[in-house]
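Just so it is clear, A, B, C and D label the chains in written order, and each chain counts residues from 1 on its own.
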Amino acid sequence: MTQQFDLVIRGGTIATAADIFEADIGISDGRITALAADLPRGTDEIDATGKLVLPGGVDAHCHFDQPTSDGSKMADDFDSGPRSAAFGGTTTVIPFACQQKGQSLRAAVDDYHRRAEGKSVIDYAFHLIVTDPTPQVLGQELPALIREGYTSFKIYTTYDDLKLNDREIIEVLALAKREGALTMIHAENSDAIAWLTEALEKAGQTAPRHHADARPAIAEREATHRAISLAEIVDVPMLVVHVSGGEAMEQIAHARSKGLKVFAETCPQYILLTADDLNLDGFEGAKHICSPPPRDSASQRSVWRGLANGTFQVFSSDHAPFRFDDPQGKKVRGDGASFTHVPNGIPGVETRLALLFSEGVGKGRISLNRFVALTATNPARLYGLYPRKGTIAVGADADLAIWNTTREVTITNDALHHNVDYTPYEGRRVTGWPETVLSRGEVVVQGGTLEAKPGRGAFLECGAPDTQL
Amino acid sequence: MTQQFDLVIRGGTIATAADIFEADIGISDGRITALAADLPRGTDEIDATGKLVLPGGVDAHCHFDQPTSDGSKMADDFDSGPRSAAFGGTTTVIPFACQQKGQSLRAAVDDYHRRAEGKSVIDYAFHLIVTDPTPQVLGQELPALIREGYTSFKIYTTYDDLKLNDREIIEVLALAKREGALTMIHAENSDAIAWLTEALEKAGQTAPRHHADARPAIAEREATHRAISLAEIVDVPMLVVHVSGGEAMEQIAHARSKGLKVFAETCPQYILLTADDLNLDGFEGAKHICSPPPRDSASQRSVWRGLANGTFQVFSSDHAPFRFDDPQGKKVRGDGASFTHVPNGIPGVETRLALLFSEGVGKGRISLNRFVALTATNPARLYGLYPRKGTIAVGADADLAIWNTTREVTITNDALHHNVDYTPYEGRRVTGWPETVLSRGEVVVQGGTLEAKPGRGAFLECGAPDTQL
Amino acid sequence: MTQQFDLVIRGGTIATAADIFEADIGISDGRITALAADLPRGTDEIDATGKLVLPGGVDAHCHFDQPTSDGSKMADDFDSGPRSAAFGGTTTVIPFACQQKGQSLRAAVDDYHRRAEGKSVIDYAFHLIVTDPTPQVLGQELPALIREGYTSFKIYTTYDDLKLNDREIIEVLALAKREGALTMIHAENSDAIAWLTEALEKAGQTAPRHHADARPAIAEREATHRAISLAEIVDVPMLVVHVSGGEAMEQIAHARSKGLKVFAETCPQYILLTADDLNLDGFEGAKHICSPPPRDSASQRSVWRGLANGTFQVFSSDHAPFRFDDPQGKKVRGDGASFTHVPNGIPGVETRLALLFSEGVGKGRISLNRFVALTATNPARLYGLYPRKGTIAVGADADLAIWNTTREVTITNDALHHNVDYTPYEGRRVTGWPETVLSRGEVVVQGGTLEAKPGRGAFLECGAPDTQL
Amino acid sequence: MTQQFDLVIRGGTIATAADIFEADIGISDGRITALAADLPRGTDEIDATGKLVLPGGVDAHCHFDQPTSDGSKMADDFDSGPRSAAFGGTTTVIPFACQQKGQSLRAAVDDYHRRAEGKSVIDYAFHLIVTDPTPQVLGQELPALIREGYTSFKIYTTYDDLKLNDREIIEVLALAKREGALTMIHAENSDAIAWLTEALEKAGQTAPRHHADARPAIAEREATHRAISLAEIVDVPMLVVHVSGGEAMEQIAHARSKGLKVFAETCPQYILLTADDLNLDGFEGAKHICSPPPRDSASQRSVWRGLANGTFQVFSSDHAPFRFDDPQGKKVRGDGASFTHVPNGIPGVETRLALLFSEGVGKGRISLNRFVALTATNPARLYGLYPRKGTIAVGADADLAIWNTTREVTITNDALHHNVDYTPYEGRRVTGWPETVLSRGEVVVQGGTLEAKPGRGAFLECGAPDTQL
């Protein structure tokens, strides 16, 4: 080997989406340049003997510093958010540049770059959120943005300030087809939710647990079927985000069995929480308010089956950082008012990987390869970041997480690094934790300490989605 | 890199079941010891610039020199069979040591080793075929054989000299569960086939095309559902071999959606032939007699969907080498008599990979990663040969096929290396061919020439099946 | 028998939805008062020996003299429409009182009564069409109208002047639940149709056959799934009208298998026409423009299966009488313009029964009992007219059709009695025809002649829907 | 009305499978000759004012005096069995003439006639049980017996002395097709049951509750799918008897959705008992041992759905009368030994109708018309007894049950008329009871007293099955 390595990670067990093998990893200029049984000494060395070396996670669904319109405020920005992610073994995040209705999508992107600038400790890309697909947006802004590296966008079927009607959904899907982009969809029937919500409020049923009553699985299933149908008419791949359970999954699996390119994502809350968690004493249940809401234990089993059998390709956090006890947080806004005033979303960017590793790989529900695929390789492929991100292979960025697979950790919010004042997983014990995290060959986290400077993370232009998973 | 390489394959594009990347491959002592951007010169060098380097194929379903009881004779033994496989890019074959009813399974294994001894040019393992699960076989022979490296066995629901009844199937499945082995099942309802066959013969409908009438998809679906149900009762993984189309697939997909560990294999004949191919002039249709028979174009589309969406994990040849024009072959035995006298099975060990590559990867129906998974990685995992076989990773055997992806080849039997006098794919054009094939770092095939000695192939003891695909 | 009969129908074979038996029918004061083996002579007598006596048909989906907003005009009013129905063996019709957006529903009902007054030769009820469910309509008009005997209403998901959004659909369903009414829904995704239509027009594809391209089965399936989901959330029975084939049927059958009270109707065009019939020379294809459009032969087979196995409860005509060659008709409005200018709908009120009898009962696809259930008993039950209408039982109105089951008739428009200048079934031969038709014991049609006075038909107040079919 | 009536039932509300109406019923010579609003006085009169008059039940699955081969003995013969049936509102029973393996089917029929001769108080037909389909049986005995009025036969996939293998099943189905008979099948996988049973016995798990463990729903589903597949290959209608729950129902519903003529029966035990009822103190659980065993509450809900939505056409008792505390009964044979020694089957011929009426019609789960269809009309049609039996129509036998729909009855074995020493429904309260029961116009049961002579019941020759339900 004629080359010299800046860093050699020695003696670890490496897992990709397909393989598990022991090798040294040679890193030069931030990239993996060698995988070999016995590499020469690098400028730096990390001993990974007895450890598991995985691709750093790609969290393809998280919200940082995203403007809101309801008086709430996201607690994590591009400083705390990516840092928290890094502590959890994630090395790439893809938050959302969200168009405001009536405004330019380009302006939203520019604004979001300003918010991100100089803060992130790991690399990041942007999804777009299209809320106002005007001719200007569809005809000029989006095609240009796609060419510039914003190749995926999320659309909503719910929330008044975000939702598109069917015609708009079709137009966005048609554009995605023309331009080779990937559409992500939040699928819940808005009108059904509004009607149920009004009925609940009229009946005085405003406690947090009624958030789940207002957003039943049927409403999610309906919008999922509708989105699939519209994508089928347009004939374009699509991804359904944060699928909560069996009703929507049945639609997705049926579409896939017919050969449609429908992809799906789920999140930690749908394997670990249920609607009962919205029914805690005081207003504590509000901590678990997110949409779609967690369902029941049968849904959890369905989601696990879907993680194991390929119905799901992506496992993301949907980190939506709202503080609980804060003037702009869940309790103050909702308590005494209604669950409808509680900002939707829960934090999880730091705990995503350890929870799935411990509950999934550790308990034999999914293989280690599937874990890597769900948390890193597949999102990198689907969102056009592969092969730079999402795997351990020659030529890839040296974004790595070195896991101690036997370490037992009790999750407490005190030990987390986000800026939210609670975690839904307080007190939960996991086995396995990513102790050392590298981004482009640089140690970012080591032994519980941040070793890298905020702002070192780079913006990533996304390429064409790989929809041949 | 302190190590010295016996061989460096330089500059190729490497694909595994998960990744595609460019790297040099360093090989020492028959194993892959380095994958790197720029390796030092090896003792030998192969220039793979512009070529695709894939794991050598694992053909997990092929028949060589297997004793028959009906007067027919297999044309390929452990000399011609593995050689033909190697010319097609396959580096591991797993034929079947078949117990004769009333005899010892151990004796069958011993006999089969004698037949294999000193002949194969590539490595090989044995599946067992259990036809007589006596207490002796279940209580002693099989457990011992499993421990010795025969960790998978095939059972039949059809053919009088092979078939097991439901109780015997259950006993074999229960043993597989106890001992950690994998059961493969040929699923067709024997009684329905016998009844239909007798009716056809009574009506004088004995031409080859009636072979397909005698074995309808419903009979395959029934036995598939039955096998799945018995495995569900026993609670053990199982693999259904040579699935021909949508009826059986629907059962398998439904089982998988419920979380059952049911795996499935298909073969080239089910994506490229139909029952119409049994209806050629003269007795030519007999060339395409195999069981289950090829179905129709809708079935072909179903099978392609299953290859793409994960219903199938394994793509094998089911190479069953009976000559056409030969005293022990298809024509002589069947012509003038009945389709029932035609030996069942068609050749394909050499054409398997190029056909799937050209029709599948080349035409965009499956990804290159899926191709590798179906033809190499998954069978290696399921049958306990991974990580030694089935991938390109540090530590794996250097079993490699270097593909020229743009080479156009017209398949003709003259150019093939099996000992059968026809190919079902005569005249079919493919794009992409494995030009150089290595087994444990040794060039076996190069430029259309066999470069290695028959007999160099080693017997492989299989480990525990990996059923967490 | 102390009573005296105004009329005895003697010696016929009677069929109901459950039974077939021979009996005399005694009629007094317009009602059936006796079914017996041997009745005394009545004031009048009809000899039905060798004939089949069926309940007069209930056509629960037909349009007469309904105001349109696009310049087209319905050719049949309450004179010609019911007369045509009667000649086809139908004795009850339920056309639609259609609210105009922005106007009162009560006003629409009053107007429709004026249009009907004194014209109909057979009895009639009204469905309502709710196009503008204002608080006034939902809170006052509809509840009052339901109490007055308008217990079913149709809503649309398509057509700009008719369609409701999801919230409005839910409100109507919720009202139907509160008040015990039945909602009928026209299910096609409006936005998808609009988008496809614009694309077709942009491409110059404006011929009648493109009407079918603009309204694909997926758009129908989507709206069907959506409607079912909304009804599931509200927890109320619902009926999907004019279902065209397998895609929508699969949704309905799945819902029913889960125990939901989802009912479905289909029409002659979906078993006898295909999209190819929209592709005739000249502009003739426009004669078959209706929505949803007829599909293909596989859809026809699906619909037949659904008629036989209970997926469908109702078989209606969806008679929508637009002339072809007329200033306000299909040809003048559409030719030279676009399929979008062609009034939607085809005639069929007179041919409905004979077509289903001949193709269904005559060819063994459905039983005679099912025929009666689909065409008379079930619509009467679902729309609250049972037991007065829809069956032959003591106490029921003597609405009867006496069929000559062996008579062969070639359908020609010349022989029909509607006011439309074509029939989609021109030249089709049927076996079996209702030769004598009675309404409340009075002979309305006999030997091809109208024997009763227009205007004798009475308005029927509907009772509560019977959703326990 | 020129005729004179032997009996007039006056003022009742009559229900058929399709209709509900008020009428007097005129009866002459044992047949219904008039249904009318106001009949002249008959020789006899029954006042049914305020009562419900239903067709007498047809119990198409019951066992009386059937020889057994295991030392057990049926407690009811053709005296007590039909009498008990009559007290429960049933007027036709169809028990089984069972061939012994190795013997003639004709001999079994002759023997069974001897057993029936002169005993039954109501009419009866015979199903056959084919256990040994020899060429003699298939070629001569069965065709002759079918012509003589034995047009349905049951076959088994389980029980060593009864079961057929797949080839035999096919042969019987093929004969049924040729001769126009209907095959009923008991579907459970025999080998799976045997294997599970042996494992349970080996583990000492011999208590009654393990009967349910030995016969899981999967084993029933498997045999159901197999039977459907064989019938599909032969292309002949078939009926699956005593279906216990969702697993088998899913197969049946799927087959029906594809247009196959697969019919299904269920029984009271599958809506009212669960496997928990096999787990009572002492050996009491043995009272509920039947095959397939009752399942769980989810299965009960599935069965109710199937009764309501048409998956089931027939509701029978499967009355199998074994005493509990008796030398030849359940306790003596099984206690201290194993559940395998307990005779299979439970009594229910007298309680069938009241249980379904009270739980089904009374609680709004099924309509009254469906009740009639399930318990009388459909079995009469399927087994070729219609229109003589199973309905209330002119020309039908006057087999009637006059129900007091408000009477509350607590079921106790003391009050029942079978010869079994327990009822599985002891203490259960029902609302509605058939107080007066007539067979061919003769009062058989009135006010809790038997009013007719044993032996008056006639043997019924069955006609061709009507499979167009």
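As a convention for this text, a contact is a pair of C-beta atoms (placed from the backbone, for glycine too) under 8 Å apart; a residue touches a chain by one contact, two chains touch by 3 or more.
These numbers come from a predicted model, not from an experiment.
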Half is the threshold here, strictly exceeded: which of C-D, B-D or A-B has more than half of its contact pairs identical to A-C by residue number?
B-D
Chain A to chain B, mean C-alpha position gap in Å, rounds to 39
In whole angstrom, what separates the CA-based centres of chain B and chain C?
58
Mean-CA-position distance for chain D and chain B (Å)
51
Touching two or more other chains, which residues of chain C qualify?
none
If each chain is a dot and touching chains are joined, what shape do you get: line, ring, star, complete or other?
ring
Considering the complex alone, what residue numbers of chain D touch chain B?
165-167, 169-171, 174, 189-192, 194-196, 216, 218-219, 221-222, 225-226, 229-230, 232-233
Residue positions on chain B within touch of chain A in the complex are 1-3, 16-23, 26, 28, 33-40, 253, 256-259, 301, 305, 308-311, 364, 366-367, 369-370, 373, 377, 387, 391, 393-396, 468-469
